[in-house]
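In the part that follows, the structures are each spelled out as structure tokens.
Next, two complexes with chain A in common: one pairs it with chain B, the other with chain C.
Showing the complex of A and B:
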């Protein structure tokens, strides 16, 4: 197992470096000089060249990348142009809120997904299956930012039950797990949960159907095992793949939260990314994307390892 | 000179054998698809949305750009405005139908482009194998290290707002996904006996790829790409919703949703209409992709 883990980690290193390269290049694919974004419109030629040297934009790109990577490894992602604060601390503070949202959404989405998926798999081609798969397909097809708006219309505008925006009373204060705060979490979490719900339902349905049609299930039943015991075998066989899918979904929720956080003004990494884009705050843009992508890579690594831990067949391949 | 008739014959045989078999297969798939009520319904609804977007100027609709300050945010069902008016008093029905033009182009074009690029890359990687496979597939892996929403937004955020940029960024997001599917299907087909037989009979790599592989590989990729349109519609409109895609005053569903957001306290259901269009197209392509997948699975 240790050898497997080490091998996986070695595989991840080139990915991490390439991810950093992509994040670095993001700023340089912009037509023109990255300085244009920071420079006042009436800046003199002299100021421009001074700034170019100060930011290191005069050096060759590979050198710039090396320096940037070296600083990033040491936890220095530069300073936000808009606020002047260190990018890393800005991102980390925001990521905390996104994690809160993603975990809440995962609890809703995964529970429902597992439930619907098992139901649909067990009662394949019956009306139960049809209802569950319809819910799943609606979940993966709905533009989630629009669903967020519709939920706000129903529960905030018309019924006035839940707040429409923000993450707690009186703006973005400290988060707490009490109803005063959870009220703010309900709508964004439900909105975020529909895609993972749909995907987990479809995965688990396919897995369950597949496993139930295998010979060993027949053998277990022939042996006289009770259906609850057969069910345990189904769960055990479905678990590795289902877990991998759920791990990936958690990663998508963390990294893809920008639309929902924009709809609900949820002060997470997505909202930060949004403001970085529109203020042309390039260090913040670069840093946020780098941190989120690394989170995603790390989560994938964890999923791989966890999968190998519960399913020994994976280690051997 | 003596070998030319033989090679022409074998060429003709190579062309004829798979294509006549392919016709039979696709005819079967088509028949099965037509029997599936859900797929037919989806195809009809999508066709209606496409055709009305295409024929918008001849449908006698109001001017989608013509606003009126005194007729802002009329409710659904107001006389003369069957679907109400938007925040600048423009007719919603006209804007939703005209909006289909840009929304569908921005949503579908990236998938078509990625289909072309990704299939070629995957076919080459899967067929040639070796170092070329490693080079292509490891590059693809890098893009898989980003959640697709994040990658799309990162690239269009860096490139700046605009229709072309959002098409470019979505294409970059989808190419790796299609390449991966194409590569794995190609690798599977490559090791089959009939490909070995073609190689033994002296067919060159391009003939094999074009004649023997493409027909067998395209089906699964096509099904995947159809489902991908659903994701692409949501993401493309999402980019506009964030302000990274289409610019006002163009009618486009994502952008309309964005500008109408402030109106949800005044006229909520009119504000929600553009999203319903995105949802309809997205779920239509998803169901169609599912229908095609089961229609192509002849063994069942």
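Showing the complex of A and C:
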């Protein structure tokens, strides 16, 4: 198992370097001036050149990449051009808020997804299956930002039950796990959860149906096992694939949703990315993308290891 | 009987307790803290260290609230044009012998929020933070948004504690207007942060000091920073010791919240999460009014134009074509239809009543027959249309509704024999191309560009577009206008130091630009904002800025 984990970690290194290179290149090939946040369009060419030198944008791209990567390896992602604040602290604060949202959404989405998926798979082609499948299709089809706006109109504007925007009465810096704060999380978490709920439902339904049709299930029943025991075997066999799907979904959610976080003014990585994109804040953009990509890579690594722990066949392959 | 007696005494006791509670509560009610919560359109809190980013919205919320400049805008009237008034300088004059030297007398008795005194040293320090590269406090991140707004200022020198000399690169009567953009941060507070900062060298320490200053800022403005959560909220409290007693805020606390999405802002207002929002969602205006919220707007020093290319071969070199385009647009129709009343039809950069308007002879209005006649004289007609191409964006700060508005123009101009092609690019790219000019390949063959502009001061409103020396790469004369009359009038305005005469010269320049149909003038934005009925005493001036001091709130 240790050899397997080490091998997976070694595979991660070139992925991380490639991710760093791609995110650096992507933000640099986009048109526009990287100093647009602090340099008005009427600024003189002399002033523009002076600032370009001050921020190191006059150097060749490979040199800029090398310097940035070296600093990044040493835990320094530079400073935001627009705010002057260290990128790492900006990203970590935003990621923390997104993690809060993602975990809440995962709890809702995965719980409902597993419930509806198992139900639909076990009662395949019955009305239960049809209802659960319809909910899943609605989950993956409804534009989540639209759903967010609808929820805000109903629960905030009309009923005045839940806040429309923000991350707590005093902002995320004063976050606490009490109802005064959690009420700010409800609408964005529900909105974020609908897509993973739909995907998990469909995946688990297909897996359950497939496993139930396999011979070993018949054998278990023939041995006289109670249906709850048979079901436990079905769950165990479905778990690796379901976990992989949930891991990916959690990864997507940890990446933050630009649309949902903007609709709810939730100060997470999606809103940070949105702001960085519109302000052409290259260090912030690069840093945010890199950190999120690393999260994704790390999460995949964890899922791979967990899968191998559950299903020894994966380790052997 | 006993029971009755007991009931009576209980009632009496309850009355006494209630009365005592009411009396105790009275002073609390009258002294209850009032908080004004504002949803801004910005995606982040504008920078708080003295020179805000995010354009004039930044100046509105984190500049003019916490800081003062030597000169300020008069924001007290909704009807009159906003003009420059004394701020931290009480008077100023240009040297009679050397018009590049200015003397500013400073306001006595002003202190920064940290208690340190405001004086000539502080002014010199603040000038050097953006102009003197070897000064410890020099901050490149503040240079761009400041130096370009006072392009001729070269240096500052202390004469005595309350007098400063400013030197410009060339004679420039606009300096007092430009100085509204230089906010005074506390040198003493910054020095404390600098002394405590960790850093490999002076530059790193300076950067760390500015970062610390931004979290715990100190200016001389009517509002003081009380707490700051980056990207989420900025809390300000009133400065009881503000030097202008008439402008000590009536509200105790102001909370600024970034809400970039219009529907989110509107929902926050309607659900009572905020008391004030900038730019409500246009399709929610009816509901906002119906629910009793106040909707405010006023003509803003902002222009939504087409800026013409005047390079060789451009169809806009023919003044008949330029005038025809200006006469072919039904601006009232655009206002009442597409924009639901949220614009002012533009008949120039400045409208009648503004001191820099002048008396143009070319009247910009909707006159389709006159426009068609001009086009026919220029050689165009129903069978020979003039193809023009305009670069625009799908969104962007100040762009209002760029695509629908350009499609409206496209349809309107088609009736005057124009064939308008739209080249839609991303906002930041359009903005960057603006400085590159019409000759640059980034113009992609366009002979007009649609970038809106602020018209607060003469340089921004007129000079950077009309003076031939402002052509790329120097500034925003995107179309390479080269009109000797404009150059002459710019020089005249810049070298006229009597404010009244200077304004007359500027009015002459503006009138000349309208007579020349230098732009296709379409609209002025009106800065719509929606306010809770609890807010009283708000005045929306004809400005990008607002004075929050006279605002009060009912419980």
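Everything below uses one rule, namely that the second predicted complex is superposed on the first by the 283 of 317 C-alpha atoms of A that agree within 3 Å, B and C clash if a C-alpha of one lies under 4 Å from a C-alpha of the other, contacts with A are read in each partner's own complex, and residues count from 1 in each chain.
By definition in this document, a residue touches a chain if its C-beta (ideal position, glycine included) is under 8 Å from a C-beta of that chain, and two chains touch if they have at least 3 such contacts.
Just so you know, these numbers come straight off a predicted model, no measurement behind them.
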item	value
Partner chain(s) touched by A:225 [first = chain B, second = chain C, both, neither]	neither
Contacts of A:152 with chain B and chain C, given as first, second, both or neither	both
Partner chain in contact with A:182 - chain B first, chain C second, else both or neither	neither
Partner chain in contact with A:135 - chain B first, chain C second, else both or neither	neither
Which of chain B and chain C A:167 touches, first, second, both or neither	second
First (chain B), second (chain C), both or neither touched by A:55	second
First (chain B), second (chain C), both or neither touched by A:274	both
First (chain B), second (chain C), both or neither touched by A:81	second
Which superposed partner A:262 touches (first chain B, second chain C, both, neither)	both
Chain B and chain C footprints on chain A, overlapping residues	149, 152-153, 157, 262-263, 274, 278
Chain C residues within the chain A interface of the complex	39, 43-44, 47, 49, 53, 55, 139-145, 147-149, 151, 207, 210-211, 214, 229-233, 257-261, 263-265, 267-268, 270-273, 426, 428-429, 431-432, 434-435, 442, 451, 460, 464, 473-476
Of all residues in chain B, those that touch chain A in their complex	138, 141-143, 145-150, 153-155, 157-160, 230, 233-234, 237-238, 241-244, 257, 261, 264-265, 268-269, 271-272, 274-276, 278-279, 282-283, 286-287, 290
Chain C contact footprint on chain A (complex, rising order)	31-33, 35-45, 47-48, 50-51, 54-55, 79, 81-86, 90, 93-94, 149, 152-153, 156-157, 160, 163-167, 170-173, 262-265, 267, 271-272, 274-275, 278-280
Residues on chain A engaged by chain B in the complex (per definition of touch)	14-15, 18-19, 22-23, 26-27, 29-30, 137-138, 140-147, 149-150, 152-153, 157-158, 251-252, 254-256, 258-259, 262-263, 273-274, 276-278, 285, 289, 292-293, 296-297, 300
